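Next up, some structures in structure tokens.
There are two complexes below, and they share chain A, which is joined by chain B in the first and by chain C in the second.
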Partner chain A sequence: MARYLLTRLGQALVIVILVTLITFVILHFLPGGAARAILGKEATLEQIAAFNHDMGYDRPLWEQYALYLQRLVRGDLGYSFQLNQSVAEAITQRLPKTMVLSLASTALAVVIAIPLGVVQAVRRNKWPDYTINALSLLAYATPIFFLGLMMIILFAQVWPLLPPEAPQGFTLGEVLADPAGLVLPTVTLAVLTVAVYSRYVRSSMVDNLNENYVRTARSKGLSEGRVIVGHTLRNGLFPVITLLGMYLPALFSGALVVERLFNYPGMGLLFWQSALKRDYPILLGVTLLISVATVLGALVADVLYAAVDPRVRLKASRS
Partner chain B sequence: MSLLRLVDLSTDIALRRGAVHALDHVNLEVRQGETLGVVGESGSGKTMTVLSVMGLLPPGGRVVNGQILFDGRDLLAMAPDELRRVRGVEMGMVFQDPLTSLNPTMRIGAQVAEPLRVHQGVSKAEARERAVEILRRVGMPRPDKIVDDYPHQLSGGMRQRAVIAMALIRSPRLLIADEPTTALDVTTQRQILELIDDLRDEFKMAVILVTHDLGVIASRADRVAVMYAGRVVETATTEELFRAPRHRYTEALMHALPEAAQGREGRLYSIPGLPPDLSQPLTGCRFAPRCRHATDACRATDVPLVRAAEDHLYACLHPVTEAVTFAPRGAGEARPAAASEPILSVRELVKEYDAGGKGRVSAVAGVSFEVKAGETLGIVGESGCGKSTVGRLVAGLEEPTGGQIVLDGTDIGALDRRARRRMHREVQLMFQDSYAAMNPRMRVDGILTEPLEIQQVGDPAGRRSRVTRLLDQVGLPTRALERYPHEFSGGQLQRIGLARSLALEPRLIVADEPVSALDVSIQAQVLNLMRDLQSELGLSYVFISHDLSVVDYMADRIAVMYLGKLVEIGPASQVVRAARHPYTQALIDAVPSPDPGHAPSPATAIRGELPSALNPPTGCRFRTRCPLAQDICRTEPPLEGGLHQVACHFPLREEAAAARP
Partner chain C sequence: MNDQTRVRGLWRNGLEVFVDNRLALAGVGIFVLLAAFSFLGPLFYSSDQVHTDLANVYLSPGTAGHPMGTDGVGYDQLGRLMVGGQTSIVVGLAAGLLATVVGTVWGAIAGFAGGWVDAIMMRVVDAMMSIPALFLFMLMAAIVTPTVPMLIVIIGAFAWLGPARLVRGEALTLRTREYVLAMRGMGGTGGRAVRRHIIPNAIGTVIVNATFQIADAILYVAYLSFLGLGVPPPAANWGGMLSDGLSDTFSGHWWLLYPPGIAIILIVLAFNFIGDGLRDVFEVRLRRR
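After this line comes the complex of A and B, so read on.
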């Protein structure tokens, strides 16, 4: 198991480095440039050249990248002149807020999606299945910004039940002190996830309900509820575990839109604003973080899988 | 007194339009302490009958008529909760495929004891104790350890024991076993069937044994019901049924067995056509369209069951009057040995697989044999003995770790890649599951043309006429060319598979379990066809099968493999009727004979399971299970003899004089 983990971590490292390289190259071929963005329209060419020289932006790309990696190893993600703070600091301030949003919406989605998927599988090709299927297709096809806007219009304006804006607190504690403000962004982000998860749960449960072991369970005279909850559900949820790991980073792209929409000061909003301002160090830092989250998510999913599925557990301990 | 009685039971399976009438007025009874065998081909309704009793019908399935009387009470009139209790406590069921009938993520003990926990509210600790106890009773090795294992850690035979334990823990009064040993090796099959017999006596249970295998029925059942197309066509005591069958279908089933072939040159009787489509309205005897004795009366009138003797009913207007005879063992005579050059010669073939740091799996360990032109070599052995690996190596699908494969005088290992690819023409494969071995999105013409295109044989027009001729050779109409694999039945698919392997005019066909998935009557059709093509085209076969009676019928010579080693090889009649290796004898004795008078000798029975091919036993690999093993068996016995060779320090008998060169 230890060897397996080490191999996987090694692979993860390679992937992360590749991602930083690609991001680095793309950012540096974008038009404009950091100097113009920071020094403003009035800056002379000499000033820009001097800035680029100071920052090392006039050196060959590979040298810049080497320097970047060198700093990265020391834990230095760079410095944002526009925010006037280090990238690490900017991220650590906002990351918890995005995590609260992502985790809350994932938890909500899982809690809703699993029963939906199970109901669909058990009532397969009957009206509950068709209805849920139609709704989840609709949710699937709705752009998240449109959904968020509709949420604001409906639940903050037509029926003013909830605030239209997310909590604006600076610290995590302040944010959590205003749970009502979190409801709309969390629900908006969860709707798409429910659609994805319930479809997985449905198809996996349908497959499992057709398995011979389910027939064996029925032959013991078990009630239908016990057959489904006691025997089928556990086997049927395995794909969801993989999905959880793979999907967590994907939530970030949703968070990008939702945070902008609800003006929630998390990573998504930070990324959005930095992209408009060409704040390269921040963009690089956030991309790095997401790529790390992606590979770790996949790794965690595999380890979780091994923890719950005895068949995989055995293989993992062998290799 | 009867424990279970089915009265006019009819079951439908709903389709999108209409329904399949899977059971049509089935009447059966099972008495306490007896074993009722239910036999028939796929689609005969034998499984639907027991699923109706257990309430486990597939989606859309529904009992539409009749009664299921269990101990005098009609199950169909019971409240759902009560019904579940009766089925969960008083009945137990064992399924066909032990590999998939256990929950993969639940410990064996929890699954086995679940009925107790649910129906009797037994505590967790006591349930575990009872599970260990019942696992021990069904002959599970180390039950106190197994109880906490997961299914994937167990072999097929052990899993089937676990399923049986699960059925027995409730001390049921009725045990239903649906093809309980079809997925298992003969040696394991014998152990499982004996176990069910013992337990029946011990628990005073009634047993319903559903199987397609007449041999299993003959050796285990007290009474037999023969089903065809959703109806019971004949019931009798086992002895009476095999001595004097009355229904023409029963007779045809018996005639189609390889054991019934008269002499080695005899053709098998095969039942023409296919069973009827049960979603259509049917009149008359349902077997009439395939029956050689059918008259207009058979087709026009419904044929009722009539009484032939006290316990013998049949539904046939032209019943059998003469007795069916099985070729007594030892009656076959050897075909004159083909004296030609070997087409295939395998020398010291070795195949090992890397087992990820834990050593190497020795799949094939120094196997040598020859196949002459026009000859059939049968390879038999339990699953995991390496017989299929040998086939794949010979066909060039895998590279050997060591040894030589000489094909038509050319050492394949010495050829470069291009030349080797050309050599592939000479050897073709035929698979067990032809459907899985065909691209479902390709039409039959594409499937048959592809080998010709790959090997660049002929022009498009030439290929087309070749393909048409191939279909003709395997007895399929030309219009089959435009159809897709899923439109064909199992027997037809095997014909197409055979046509594909014939496309390149090979000299050798490696057939890996080519008839194992087929019903007896269809099996006979395919075996006959393979034999006809052999004499017509001068083909050689390597015929790999776990089924000794089929190999005995097909092969000129038989090679017996055990755990990667060749333990015996010789003329078929010699190997089967005068086996020299204790393992061969055990295999032969484990095959249930369709002759009820034939009792297997318990002395030769082998117990336990095939050892792991990872670090196999040293010396003779069979010694860990051999009743005759001595210290000397730690050294490897050489394969010795004339035509009939054996690798054993204590061969059971000397080579017969006829076999000496």
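After this line comes the complex of A and C, so read on.
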């Protein structure tokens, strides 16, 4: 296990370094460079030169990259001149709210997707399977903002049960104080996730239902319910752990759209506002942070998977 | 001669399997209809999609001369759906194909080379994959002004990662097959192995994946438009029309919202159906017989 952990950690570290390299390269490919992007069109050449000197942008590239890494390690993601606050601070204020949205919708999605996938696997190629499959395909094909709007029309306009807007507020506490407002954004984000997860649970369950141990369980007279819940489900759910990690990028992308649609003051909304204002320090900071979160999430998922399933770590350390 | 009949037999067999899948046929049908509507429609139904007509905004469907009404600046909605469809379909197809070609070449080289080259090439893929796609697209769209060719390049430049992983996996198993080893033993080059054996053998997986790439690309264009970084007017695409329609919903202008929304859902579904059908054709092991 220790060996597997080390290999996997090393890989994650390499990926994180490559991601910093990508954001660094993008920073340098900005039209007119970072100075032009921050100081604006009217800045004189002297101002730009002074800015470049202050920020160290006139030094050799490798030195700049080293400096960039040094700053990152100290938690310095840069400074947003448009918000007049440090990128790290702007992100810290919004990150918890995005975490709440993502975690709540993932939890909801898992709770719905597992029974759906199991039903599909048990009744495969019969009408329950076809119906659920058709619905998840439909959910997948619908742009998430269109789906969210349908939700708003249905549950805030036709039957005014819920507020059409996400809770507003600066702190996490203020957001959590209005749980009704969180329902529609959470459900919208969860629908797409359910579609992906239930497919995965289905195929994993189908694989397991064909295994010999299931036949043994049946032949020793266990009820079908115990075979499915007690034996197959336990094994069938292991791969879902990895999916939780793999699905993170799509989840964050979805959160970006949902936060914009419901005006939810999280990191996605911050990113969107910054993109329209061309606030590059924020854009690069958020991109970097969210990518590192993705890498870490995938790492945690893989390690958990290896912890519950010894076959995985054996295979990995052999190759 | 003999060779030719065998090859035709294979294709004919594949075609039969594809035709057996009714959803796949429906997918082809939907795609052909939507493409004909978008590209041939303007030949039969002309409307001005460049100049605004501020005297005739928000006309309801059924108004003389505007069977599907007009939008907030007076564009004819039916004509706009045609023009918007052209962009959505062209960007989807082109970005999907670009991603597929780049990904296939990258994955084939990495998988065939193995060792350090493979490790480095695949870590690059891992790194880019860990940046959520929409964030990357928005970052790029904030840097360059989005035009149709630019959108294709932006989406294609980041969507190739999936096919690269797939083809690399195929290449890893293919390169140790006897016929590849035999060719290498006779002095064949690595390039020849990639071109003549690895890519042709992985082509089934690649084609199936390409259809899903196209569907995803169409959705990405819609998302970018929704986030305000699509192609600026007077150009149109279904995603942009849909997101413009969002703000009109509560004023009761339903005809600006549902038609582009349904068009996107239909075309994404169509490519998914086609992809499933093609999978039946190429992945013999999964065939339900």
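The rule is short, and it goes like this: the second predicted complex is superposed on the first by the 263 of 319 C-alpha atoms of A that agree within 3 Å, B and C clash if a C-alpha of one lies under 4 Å from a C-alpha of the other, contacts with A are read in each partner's own complex, and residues count from 1 in each chain.
What we mean here is this: a contact is a pair of C-beta atoms (placed from the backbone, for glycine too) under 8 Å apart; a residue touches a chain by one contact, two chains touch by 3 or more.
Predicted, not measured: the structure shown is a model, and the values here were computed from it.
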Legend entry - Touch count on chain A, higher of chain B and chain C: C
Legend entry - Partner chain(s) touched by A:Met99 [first = chain B, second = chain C, both, neither]: neither
Inset, instruction - With the two complexes superposed on chain A, say which partner A:Ala50 touches: chain B (first), chain C (second), both, or neither. - result: neither
Inset, instruction - Considering only touches as defined above, state whether A:Leu256 meets chain B (first), chain C (second), both or neither. - result: second
Inset, instruction - Examine A:Ser223 and indicate which partner it touches, taking first as chain B and second as chain C; both and neither are also allowed. - result: first
Inset, instruction - Scan A:Ile153 for contacts with chain B and chain C and give back first, second, both or neither. - result: second
Inset, instruction - In the overlay, answer first, second, both or neither for which of chain B and chain C A:Arg234 touches. - result: first
Inset, instruction - In the overlay, answer first, second, both or neither for which of chain B and chain C A:Leu304 touches. - result: neither
Inset, instruction - Examine A:Leu138 and indicate which partner it touches, taking first as chain B and second as chain C; both and neither are also allowed. - result: second
Legend entry - Residues of chain A at both interfaces, chain B in one complex, chain C in the other: none
Legend entry - chain A contact footprint on chain C (complex, rising order): 123-124, 126-136, 138-139, 141-144, 215, 219, 222-223, 226-229, 239, 242-243, 246, 249-250, 257, 261, 264-265, 268-269, 272, 288
Inset, instruction - Would you pull the chain B residues touching chain A in the complex into a rising list? - result: 54-56, 84-89, 92-93, 95, 97, 100-106, 111, 114-115, 118-119, 150, 152-153, 163, 166-167, 356-358
Inset, instruction - Under the touch definition given earlier, write down the residues of chain A that touch chain B in their complex. - result: 211-213, 215-223, 226, 231, 234-235, 308-311, 314, 318-319
Legend entry - Residue ranges of chain A touching chain C (in the complex, touch as defined): 11, 14-15, 18-19, 21-22, 26, 29-31, 125, 137-138, 140-146, 149, 153, 157, 248-250, 252-253, 256-257, 260-261, 271-272, 275-276, 278, 280, 283-284, 286-287, 290-291, 294-295, 298
